[in-house]
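Look at the two complexes coming up: subunit A is in both, with subunit B in one and subunit C in the other.
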Partner chain A sequence: MTEQAVSNDDRDASITDPILEVRNATVKFGMDRGESRVLDDVSIDIERNEILGVVGESGSGKSMFASAFLDAIVDPGTLSGEISYYPDSGGEVDVLGLTKSELNQFRWEEIAMVFQGAMSSFNPVRKINTHFVETLTAHGDTVSEGMERARTILSDLYMDPERVLRSYPHELSGGMKQRVLIALSLVLEPEVLVMDEPTAALDLLMQRSIISLIEDIKEKYDLTIVFITHDLPLVVDLADRIGVLYAFEFIEIGPANELLEEAAHPYTRALLKSTPNLTAPVDEMRPIEGSAPDPVNEISGCSYHSRCPMADQRCEVEDPGPYIVDTDHDVHCHYWEEASEAVPMPNDGSGTETGSPDSDQPISVQTPETRPRWAGENPVLSLDDVEVHFEATQDEGLLNLFTDPETVRAVDGISFDIYENDVVVLVGESGCGKTTLGKAAVGLERPTAGRVEYRGQDVWEAKETGGDIPFEDIRQSLQIVHQDPGNALNSYRKVFSSLEEPLVRWYDDLDGNDRRQRILSMLKHVGMSPPEDYIERYPHQLSGGEQQRVALIRAMLMNPDVILADEPVSALDVSLRVEMMDLMLELQDMFDTSYLFISHDLANARYITEKTDGLIGVVYLGKLVEIGTPERIINDPQHPYTRALCWATPELLTETDRTDDSPMRKIDIPDPTDPPSGCRYHTRCPEARDVCREVEPEMVDSGTDETHQRAACFRAQENHEYWTSESIVED
Partner chain B sequence: MDWRVRRIGQALFTVWGVITISFLLVRLMPGNPMSAMIVELEEQGISPTQARYLVELRLNIDPEEPIPIAYVNYVGSMIQGDLGHSMYYDRPVVEVLATALPWTLFVLSWAAFISFFLGITLGALMAYWEGGRLDLGLTGYATVMGSVPFYVLAILLLVFLGYRYGIFPTGGRQPTGVEPGFNWTYIRGVIHHAALPVISMLVVSGAASLSMRGNSIRVLGEDYLRVARLRGLPDSTIAIQYVARNAILPMYTGLMISIGSMFGGSIILEEVFAYRGVGYYMMSAVNQRDYPLMLGAFTIITIAVVIALLIADLTYSKIDPRAGGGKSEGL
Partner chain C sequence: MKDSRGPTDGDGQPKAADGDGQPKAADGGSVNSPFETISDIEETRRDRYRKRYENYVYAPFSIIWDDWRARIGLAIIALYVFVGTVGVFLVEPTTNLDGSAFIQPFETWEHPFGTDRMGRDLFADTIHSTRPILIMMASGGLFTVTVGTVFGTIAGYKGGITDTVLSSITDVFINIPGLPLVIVLAVMFEPRNPVLVGILLSIAAWAGLARAIRSQVLTMRRESFTEAARAMDVSTSRIIRKDILPRLMPYIVINMMNATRNIIFSAVGLYFLGVLPFEDQNWGITLYLAYDAGAHYRPGALHWLLIPMIAIIGISVGLILLGQSLDRVFNPRVRARHRNGEAEAEGSEDVEADNTGMMKQV
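== the complex of A and B ==
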């Protein structure tokens, strides 16, 4: 390391024993539009055995940063700068100077990496076992010893090693694949683990479970971890230090707690504020205005100046060098000292307005005026004891031609109503049946038992024998917005013709010009301007958020009564979610519709329902286990599973305020083809007692009339045999 | 129900459908083969009763019987492998076709085998040098050849390589004057005779290489490839176990389907090259109005195609662990 490098980087003075030193790392891509820098002169030291959280939105350069450690930037990107690695055994390795074969040794043996795409990180035609074996052989390790290690790691990650190793990748759930990938990255005993969005595709419960496993794994295997994510709240309780990436460079680095409580950069503060969570008042959550700069345009001065409320002339010309907030906290902002005033946080000052989910203070909630569902109205959509059972096929070769296929009870007897202008959010983890339930509710999936009624008319009866309301009308009234908007839009049609279709179909009194005007004003309304430009585009020319908006407008133009929105925001960056949800609610007002949301994220569910007086329904293995207003569900959950979901929701709380232990006994959801008897949660419930194994709890009212809280757990019933029953939780 | 049972059921249903259609054609269509045969025989001076008897013998359909009973008898004899009696060759249809079928299969399997492996290799190389000269050249070639009807090409090959330069024989399926047996002269002769039909099937089947190219390019972009490289796996493992294996998977059923279409093509090809396979006999049956032979060949070809597809379907799950049909990810 040269003398100069030290002097221009004295901010890492707090690092005493670095394992990695990155100096002036820059990644450039030659693109049609010109050269773009997707990592801009980044320098950082990483302390041995620390967990460094790196937070950045998509397009901030975070994946480049991750790949840089292994000199694994994908072509045609080029990496320059210096990366030095100091192994425990002493010495120094110049990572970018390694030859190809040295690099092959170095990767995975010293620094390993876990990608976001665990779903696709395995060769689909080879067993998990083979993946481990080939890795060991490629590095000349003894296979038997290595596999012993693999088994230990797999069981450390709460999996059954024998079963997992025997499986093909597609036979494992997303959460298991991700953990197997972690195990695979550790099998050669690396010293550093780089994790690039390792939990992004998973539901919150699994994310949180994996996060707590990572802590244990780190201790046990003596690792240094670089954890990269777009989700700030997710890393705060994991990381020792957090670095915030914006526009391809670090704009703030500091200890996790300090960043949370006294973020010094306006962007970090805005990011914290834009994150849906369970405690901050919903009115305080704000999206960040504007968008991040294009990598092709070289920005002079501070890269955040186009969005920063405090920006002035100086910011536009002068690059804000690192200012030292504290010995180990520095920030790239000229006016960081004023940031706390310019971008106030809800927990600034005394910090008493907010409380943790289980504190006695209830969170602030606007009191409902009159609940529509108590005005004696009829529901728009009514589900009565709906069941959807699938036949699952298992493929064991030609021999078992005549085995009985097993039945997946995706939805197993669920009832609820949706009223005019109502919002119901279904939450639950992947595989709990919430998507199937949603589809059944809007007439896309035929229930195998029970009824789905639209304004009193059985939907499937209308389809078959005709009813008072024609099936076509029902179809039009129940619309769906998919999680992946790219799939919902026809990729060969321009935005205009996609949007025109419903207008032509349902409003024959509009002429071509009227339709055009209407589409233009809608696009403008959702912030896609100039709309004349957007209508000429094809879906792939839109960003994910824009596609989602077009899909939403399209659904709205059908003039539906109920829209099923399946995870409409989970594919978006955390900071964009509030904005999207606001937009959805605004459109709801405009078009007078009801929503049935599906989400795995309780924070999003809370945001939506609290703003609309809606209800949250918690689904577990095909059963509705609890339903109620958000403040009841979050402040006083009756069902232990709801409590687990609350635990899993990342909170912007400092260490002292949070509970770390998982309130579940098992990480993985049981096999839906063979759900547990009695209460389906009894295999994971920390409160389970003997009776839970045999008897299935009924839904009982557990709140007052206004809160609509009902839960299916014996603990919600005072004089139940449960209380005298024997506990089945072994310690 | 298990998907395999369903597939087998579908296959049986198809075969049954074909048999039924052939029955209906013979029996019910106006100007149908049966009345045509009877008229023909009567013209040859055979008494009407005699003619009817002969027709029944040859087609397995008794013109006197009511349709349902005739149908049951017809299907029954089909199941027992009795396809009727060839009028032209005056031998049972089964016998005629049984000698022909191996030759057809011989040509087809060579063509399929070579085109598959050539396609895989070329496709993989094209993907590897994507945008290079080999890639562009072969893509152009495959696209053009894909639109040339194979029989046009077959005739050209025959004219040039057969008649003009005499490199390959112009007809027949085995060398004349050589004792059939397991000796080199004979085997070489057989291969020599099969060469032209095989080549004309090969030259136009550029589709395999194109789809292999597409598949490989897709696989090259997969995450698991990136992870495999980072894990330091040797290039050979990556090329064979990661890229090739995954790229071939989607082509497997394609191969079986192409066997089906090759069967169809063989009818004309064998005629062009006077190669006495099932297709040759079928064409000659059409020309000779030998209805029993025609229907027999038709049935045999259909059954062969159905079996090929069935094998493809049933074995696919062996090579791709993800296959299994049905709604496996129902949630």
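== the complex of A and C ==
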């Protein structure tokens, strides 16, 4: 532990048998406004058969790092440095010196890559089978042998190979596509697998399932895996070592557990702290102030100094070389030894067991000073047995004239209430109908049955025949913030023009200058300054977080009673999520609104409900299966599906505290056109018994006087025939 | 950002405290919600006009002026418009026996483009032809684009029964054979007014555009930003005008340019065939007369054919150049860069975006 910079050559002393050596890899792009370095002098060794996690925010150069392995930097970019590959058979391959045909052999056969966005990696007009055959023939492999391998890999990934191979890409769900992509990259039996955000587009349950598959796959096929992600908690239980990328270089590399417990770089510590999770007290979660540096501006000294709480003059001038924390733990910070004091972690000092959900120390809960929500008070928005069924119409045609159209039961009989200043978070997998339910709740999707009432007035009745409350008022009161901020704002309109819209529509008495003034002060309020500059921008000139703020302000300017926030933070970097949610809550205070928040992430749901004393509702296949206060849902889930969601939420726990067994029997969600009978979860439930197949469970109360919890599971009822029924779980 | 909720900054004190429907600050009176901010300066009519001028005149012109194609195109079109408006007053209309027959171009300055068989001055003839042709083009082009866009956007956005009705009408017009219909109508009505001729010639041209626009609007209707606008109860016509049309404009502009070019070609063609009645001079009639007189095989009369042809090609090229560069006007990236000068930061996101785009292709 000397506080002395070491040279590159002997830094990775712990690596005994490297499979890849990267030395001084730099990627440069010439741009109009100067040269930008998107990978800055990166050196790293990768041990044979290890899983290396690479973590970085968007724009930190992690995708560049991935393509550097394959020498696949896109054209204006240039890659310099040295990348050596050591095959099993011995010898050394200089990756950057390979000819084009050698490179073709090298890619996929030695190093394969799994890209993010499985949706666009397939040719939509070709069957999955063709994709495999093409890959095999392109590399001169025997097709029959190769397809045999493909089938094995597919079934290892818990898919039915015959069915999958016969399908077109659009017939597979997102999670299945991603798994097929993994299979496709393994079919040529590579030694190294580089995965670039392979799960970013998936919901947590699927993410977690794929992560646990990756571990098995790695063992079975003897792989070295480089796993690149923005989501630190996701990789900690997968990776052996973790490298943290910040501003195009590694700032810390170390064993996963050590990084988690004793992160030495202030950025890593801040990142750990900013990540919403299920166990840390919500008040301890803090966003990272400031933003990452621009690749064009050459930064002198430490790249993090502008955001670092302990930066001093030395950090501004001197680039921190790697300091050795431990034999296999390096950090690029002059003052790493003081980092633990400057950026304290919530579980510092109290060891590791603070984290576990069962610990008797209760999660810090704000005093429930406000209304016990289940005591009478009129709800703002009330959903009563709402159903939204879609008819799948693509099969129209002469031949199908006599077949019944298939019905997708997106929402199938859900009831809940939203009160003044309330927050209800709906969680569930993708495809479970939570967005449709949300849209039905704010009057954007017409329910096929059931009632949506705004302060006692049926919304659709008001629209058609008029009612006590004019539809205009209802429309104004129910607003939406979309999931993808890039699409929620019209890219052809300036920020000002987009924000002006609600004012023009609803506040006739404001003239142009008033509108401008009001928009300026709102922008300033949410921290976008100087606002005069921001209002003249187009959406593409804003970052994701800024776009989302503009979308949020736009909804707020309507002065609504309820805002449907459809996954408002899932498109943002992990470190920005807490900040965005804090902003939403602050605006809630100011505008007296309620949120109907949709998320697939139980950690976000917990953060927002615990701060506001709201409810979490768990949706599965169009049904509300459990609803309750966060501490009940997370600490004592009644429904097995809720338990599965808790399991899927990445935790910042060290290995010993973690359970790895999936509490589900199947990875994939059943087809919503043909939902299972009885309890819809019985096909995946580890506790399912005979009765679950036939009888649909009712919602039963299992909360206490101070807490609220209702679940639709027989297990929540003590004297139910379930307990005497036969188990249908076969092993 | 955490502490930004202090009293509202000095740039606007709330002046209307009565606030119907305005929220009160949740935590007591100490906080002025930025939502109540109102400017103390009244907006004048002049301000509004200035803003419109900046958005709709100044910005587009300064953008296309950067593009050499646009400059040339604009110059060509401006020349034709000048000729068609001012030129007709500067140059006397020609009559038979203005000069001797078949004077070659540039032989005398009295007849710079030469004369035809009857001794009519081709320079004056060309200039006086410009006006009716321009009117024809403008009316035909506007008709095509207006009807096509209105049908397309409404059918696409409204859906349901409106869509069925409008789409059926569109389909009928798509399936009518255009040229025979125009010939029949021209013979029946003998239109002499250039506006009417223009509209007649584009009677079947708008339907294709309407179809294409409808399908684009169909996808836009499902986008989040139109849903957000609907949630704000913005009227349908405003959504179409403000959210949808700007995104269609590049396509519409290109179509407008093509439609106008088609008008010249078919007008000239029909005059040449003698289907349309002769009224004023125009290039089509000149071509017809020249052909009739056998100008295509008499070397001394060749210029009689060439001059109207060059006039037609000239305006067509001008329209193409202008149309190609006009789509830049609507591109938000170009507009944004323009506002802040050429060196506006594109940000590292673009690199990232390009990068992922590439990776999918690997």
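In the analysis below, the second predicted complex is superposed on the first by the 701 of 731 C-alpha atoms of A that agree within 3 Å, B and C clash if a C-alpha of one lies under 4 Å from a C-alpha of the other, contacts with A are read in each partner's own complex, and residues count from 1 in each chain.
Note that a contact is a pair of C-beta atoms (placed from the backbone, for glycine too) under 8 Å apart; a residue touches a chain by one contact, two chains touch by 3 or more.
Since the model is a prediction, treat every value here as computed from it, not as a measurement.
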Specify the outcome, clash or fit, for subunit B and subunit C once both structures are aligned onto subunit A. clash
Partner chain(s) touched by A:113 [first = subunit B, second = subunit C, both, neither]: both
Look at A:94 in the shared chain and tell me whether it touches subunit B only, subunit C only, both, or neither; answer first, second, both or neither. neither
Per residue count on subunit A, the busier partner among subunit B and subunit C is C
Please indicate which partner A:541 is in contact with in the superposed arrangement: first for subunit B, second for subunit C, both, or neither. second
Based on the superposed arrangement, let me know which partner A:123 touches: subunit B (first), subunit C (second), both, or neither? first
One more residue to check, A:72. First (subunit B), second (subunit C), both or neither? both
Would you mind checking which of 3-11, 129-137 or 147-155 on subunit B runs into subunit C after superposing? 147-155
For subunit A, which residues lie in the overlap of the subunit B contacts and the subunit C contacts? 70, 72, 74, 113, 115, 117, 120-121
Subunit A residues touching subunit B - in the complex, by the definition given at the top: 70, 72, 74, 104-105, 107-108, 112-113, 115, 117, 120-126, 134-135, 138-139, 168, 170-171, 181, 184, 390-395, 397-398, 400-403, 405, 408, 410, 430-433, 435-436, 672
So in the complex, the part of subunit B that touches subunit A is made up of which residues? 1-5, 222-224, 226-234, 237, 241-242, 245-246, 249, 314, 317-328, 330-331
Provide the residue numbers of subunit C that touch subunit A in the complex, in ascending order. 1, 4-5, 8-9, 11-12, 21-27, 31, 33-39, 41-43, 47-48, 51, 223-225, 227-234, 242-243, 246-247, 330, 332-333, 335-336, 339, 342-349, 351-352, 354-356, 358-360, 362
Subunit A residues within the subunit C interface of the complex: 29, 31-33, 36, 38, 58-59, 63-64, 67, 70, 72, 74, 77, 113, 115-117, 120-121, 196, 294-295, 442, 444, 472, 475-476, 478-480, 482-484, 487-493, 497, 501-502, 505-506, 510-514, 516-518, 520-522, 524-527, 536-541, 543, 551, 554-559, 579, 583, 586, 589-592
